[in-house]
Amino acid sequence: LDEVSFGTNWLAQAEHGGFYQAVADGTYEKYGLKVTIRQGGPQAANRSLLIAGQIDFYMGGNMLESFDAVKNGVPTVTVSAIFQKDPQIIMAHPDQGIDAFADLAKLPTIFLGKDLFITGFQWMKQAYPGFKDEQYKPYTFNPAPFIADPQSAQQGYLTSEPFEVERQAGWKPKIFLLADQGFDTYSTTIEAQQKLVDEKPDLVQRFVDASAIGWYNYLYGDNKAANALIKTDNPEMTDEQIAFSIAKMKEYGIVESAEALTGGIGCMTDAHHKSFYDKMVAAAVVDASVDVTKAYTLKFVCKGVGLDVKKALGG
Amino acid sequence: MSAVPSPAPPGAPVVRLEGVTKTFSNGTLALAGLDLAVRQGEFLSLLGPSGCGKSTALRIMAGLTQPSAGRIVWPGGADDGARRRAGGIGFVFQEPTLMPWASVFDNVFLPLRLEGNRRGAVKTDVEEALALVGLSAFAGHYPRELSGGMKMRVSIARALVTRPRILLMDEPFAALDEITRFKLNNDILRLRDQLGWTVVFVTHSVYESVYLSSRIVVMAARPGRVVSEFAVDAPPLRDEAFRTTELYGRTCLDVSAALHAAMGANDHL
Amino acid sequence: MTDAPPPAAPPRPLRERLLPVLVPLAILVAVLLVWDWYVRAYDVKPYILPGPWLVAQTLVKDWGTLSGALLVTLEITFSALFLAVAGASLLAVLMTESRIAGLALFPYAVILQVTPIVAIAPLILIYVPNTQAAVLTCAFIVTFFPILSNMTAGLKSVDHNLLDLFHLYGASRLQTLLFLKIPAAQPYFFTGLRIGGGLALIAAVVAEFSAGSAGAGSGLAFRILESQYRLNIPRLFAGLILLSSTGVLVFWLTSLVSHLALRRWHESALKREI
Amino acid sequence: MTDAPPPAAPPRPLRERLLPVLVPLAILVAVLLVWDWYVRAYDVKPYILPGPWLVAQTLVKDWGTLSGALLVTLEITFSALFLAVAGASLLAVLMTESRIAGLALFPYAVILQVTPIVAIAPLILIYVPNTQAAVLTCAFIVTFFPILSNMTAGLKSVDHNLLDLFHLYGASRLQTLLFLKIPAAQPYFFTGLRIGGGLALIAAVVAEFSAGSAGAGSGLAFRILESQYRLNIPRLFAGLILLSSTGVLVFWLTSLVSHLALRRWHESALKREI
Amino acid sequence: MSAVPSPAPPGAPVVRLEGVTKTFSNGTLALAGLDLAVRQGEFLSLLGPSGCGKSTALRIMAGLTQPSAGRIVWPGGADDGARRRAGGIGFVFQEPTLMPWASVFDNVFLPLRLEGNRRGAVKTDVEEALALVGLSAFAGHYPRELSGGMKMRVSIARALVTRPRILLMDEPFAALDEITRFKLNNDILRLRDQLGWTVVFVTHSVYESVYLSSRIVVMAARPGRVVSEFAVDAPPLRDEAFRTTELYGRTCLDVSAALHAAMGANDHL
């Protein structure tokens, strides 16, 4: 067995389900891998650990991170993209007359994490006139200020914040998936060091394939064991929340849409990458000098791995 | 500086300690049933072995220490605070007790400042007081830059600068050479004559006490108490010639003997 | 004729001793009442500011999770405090004994102080073997400087006359340090310790935030952040209150140590004899 | 026959005065050389640890952005320091003047100290009108306690004999405070100020992290975090270095103020007359 | 405690100040060209007005202050540090200079501790020194709990506890009552006779200086300098009877006159 460590970018949750599934049901082992999952968390530094070579694979949040890596000469590449759409949302109070995404520009306050502010929000300003820096207030992963202020919007993760807000405040927030508004980055990617890709392509391929199979099993098969693992890593996780997340992922086609439907989970295309890259260049989030093709490799994906499993499970 | 409305008539008690006992928190019995009356206009010296409670008695009079038993009576009227604010008391501590961050001038200026005077208004008062103790040239120096005797003289100047009605002095001249000491002795006698001071004076010098005092109280140690008392029946304003009188010589001998007796009365050394 | 007020009655030790407990307690009750009133009167939602009663209930309910986390945090706190006290004292001694060392090192101590942990946490994580050590390193960095500053000020404030005395009797540097400078620096040292105690606690929390372990073996900080993320605000407050009480306890402990060391000789702890 | 060593030659003021500059500078050069050597020898990639030369270049290149951010941070720093000094001094006076107030308030000051900013930033954001004020509040909270602690210790350490003197001359509480306690507390106060200076800077940074503005009008913290997100590690280091230098400068400034105030009378600043 | 290898023969200089000038950093000229030799076994008193530089001269002898010009010669050999470590010098500062955090016992124990002695081994030495100054009962007290005179006595005990070869004392008895003072005077004379001490003694009392000294140096102030010198040709071990001798009376008058002259020599007061 090859020992492999995989760092996620947040606490264990349903959005990481496929990886836990592959650990739990022995898929990785079948592919000759002994995988340790290092969960991330608020301010955890798993990305630095990938760069420093202390872990082998890292779960990237979106492609911008990879573009930045190229720009700064950091030799990491994206080898697979589990999520076709970034589950990043902006949500607003339901009773404030916010019907379209562009209406958000009317609100005096939008709570955003710093990373989304320097990326997604820059794009919003460019793509939708009316958004301006003055609207920004920092989001500290506590939705209370948003709930308290009807004239505000807030970033969120499709599968998390709306659930919490509804549970606590009792109303369903209006949800705008950024991906559906044009912020079409891949998400929950698998990043690895270029060196690993060059020297052990076989190992990378095995990890990518096993992960995809894990995901099919998680979405359509018996995921109890995976959820148990998730709950050991993150004791706060509830079955209710997991069920909500899985439902949302399916509803919005987070994992399976576009090319993934035919190429299998993890599939990426040059066109999709370029589309996002061009938007980011236009929004001046990314430098035009970045060679976008260096940010990823299509070598390992779109091979239809796991489609059979899906079929077998009746998905 | 400030006028005191109605000074008590000469001879009337200004302050009276009645059966004052002081036990410190560590258990030391410093004073046991001390009775002592200070009369208007008198010059009272306290004499006694080291550690017999002279400083403690003086501090109790000044209201700096509370007796554990007994009481202090101020027949003159007014309460503690008002009396002090009336510029009533001047106090020379046994140690110089200067503010290290303030110049000599500012240290002497302090009591006047606390009375609400502005620096410019009382500059000459401060300068006079400094001149009296021979430190005019050192007004701008800091306490750290002075010799031991000079510090003590600053402290004396500070006590005199308000021209208080009652002067309590705790071994003010111990750190001074004899000539300065004699000069200051005479200055004090003269000022007392002019201003009608009441003085309570702690000293270790029998000669000094006899030269200055109208009354001398000898104390014994642990527990501190009065063992004998002497009146010096001579006019208050004296000069060096007084040291050659028979009264002076005899009183010195008497007081010395009393002091010896007081020391013998306990296993002091 | 007015008599001076009669001498004060003998001190009432019981009341004297109860006061330091009763007064803060009374204020505590007052704060709780106002808090409760505010929450009720303005109908503040529990996910914005939960009432005290709800927080208390949460504290009891989640005691299992929270107390475990508290223990983890306390361990880091006291390790960091211990290391910071030891390190800062050593460095302070070095810097006051050698002018050159002082000149050379103080700027770097300052740099250590002003470097944001959040920014260098990743670097620390890369160079330090495990998360535990990383958290401890961060907490140590935060706690270090105030103790160093106070210790240095203390070691420099020794009475020059006593220094002369030691010089005269041919005291070695070590003797001067042990018998003069260190005892004389105590009042400053203990002030530093009082600051450092609370700071070590908050540093442990911040360190956990930045370099943090997550999941099962994690400390109070993680629980607090997690509650925030989950909008479990009552638990967030329960965690904060646990943290605050611990802080007060640590402060009280360091103050007690300070009082015991100084009460026989230093003005700040001595009762005035009146 | 041995003669005592000849009296020391008159002090060499120039060398004396240059030493405090030269020694840290020499160390700085040494640190830079080691850093440079390490980066080259082990071929450390610039996205892990950029070499000093690269950082310097980045500093120059990005000076426009960074210096603007620095100004914002400095404004918060000095506002927070000023508010903390004023507030802490006032509170320290209140707490030492009234035993009850001291007992009642100190636990709450401690609570303020040990409450993690990150956790209460949302609350602050809800209750405070704008981001600027929120940042200032956070920075203030962090800076407050060390100054309070030192100031309190200072006010309590007044020579009892001098207190007696003031009592004797019927000084009012205000007079005692102004002419005795505050001057006497200076050595402690300045120690607190030295800690507080650096702390205000780091507090401004932390506050910006947690409650902070971003974008055009944002401070150094945001630039540092942004560089971290965007993997622009040389700029991250340039920002850190700017921050450190500012910290050293602030420290040097507070030390200078302290020295000027104490040099004529307090042991810690006084040159021994030998 | 420690034996000194080869004491200089009686009469040979132990330490010599040659043209010592001291200018403090604030510009005060404390000593100007002071020449002074201390001879083996002598009892040298320094007398002079307050602020004339007595303490400064003493501190220079002890190596606590460096002269701005001139030099100190220790003909006995060995350098500064070795001499001190040989238990050579005992010093009584003008102020008590006690460690406030240490008990009376520990304060007196200090010089022995610095010599490397363990507490148990020298307990009786400390107790003897405390008994000499009459403070046996206060061994466990802290300096704060003592009277002014008692503090000074602790300081004296601390200087005597090492039985030093040379004793420098700066107004040690100023804060003491006359009886304690006389007793300590006699104790010093006796110990000096037994142990062959060389003593340099600063005092403000002409009588005391004549009673104790083999030589008296009178200084004048600002700049501090020697103005006259007196030898007291009497056996070193004296008793109260000496105070009635003609030599004593005459020397007192002479020294007093010299002191007066010294004071007149500057505009001191």
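Note that the chains take the letters A, B, C, D and E in the order they are written out, and that residue 1 is the start of every chain.
The definition used in the following text is that a contact is a pair of C-beta atoms (placed from the backbone, for glycine too) under 8 Å apart; a residue touches a chain by one contact, two chains touch by 3 or more.
Going by UniProt, the chains are B, E = NitT/TauT family transport system ATP-binding protein; C, D = NitT/TauT family transport system permease protein.
Fair warning: this is a prediction, and the values are worked out from it, not measured in the lab.
Steps from chain A to chain D, taking the shortest chain of touch contacts, total 1. Among the remaining chains, those touching chain D as well as chain E are B, C. We define each chain's centre as the mean of its Cα atoms; on that basis chain A and chain C are separated by 40 Å.
Inter-chain spacing, taken between the CA centroids of chain B and chain C, is 48 Å.
Taking each chain's centre as the mean of its C-alpha atoms, chain A lies 85 Å from chain E.
Those residues of chain A in touch with two or more other chains are numbered 52, 140, 142, 144, 148. Listed for chain E are residues 24, 63-64, 95, each touching two or more other chains.
Contacts with at least two other chains are made by residues 48, 118, 122-123, 126, 159, 225, 266, 270 of chain D.
Looking at the complex, you find that chain C touches chain A at residues 45-48, 65, 118, 121-123, 125-126, 209-212, 214-216, 222, 225-226, 228-231, 233, 236. Chain A contributes residues 51-52, 65, 68-69, 71-74, 114-115, 117-118, 133, 136-138, 140, 142, 144-145, 148-149 to its touches with chain D in the complex.
Within the complex, the chain E residues that touch chain B are 24, 26, 28, 47-51, 55, 94-95, 133-134, 141, 145-150, 153, 170-171, 174-181, 183, 204-206, 256, 259-260, 263, 268-269.
In the complex of the two chains, the chain C residues touching chain E come out as 159, 161-162, 164-171, 175, 179-180, 183-184, 186, 264-266, 270. Of all the residues in chain C, the ones that touch chain D in their complex are 19-20, 23-24, 26-28, 48-49, 99-100, 103-108, 110-111, 113-116, 118-120, 122-123, 126, 145-146, 149-150, 153, 156-160, 163, 187-188, 190-191, 194-195, 198-199, 201-202, 205-206, 209, 221, 224-225, 228, 236, 239-240, 243-244, 246-248, 250-251, 266-270, 272.
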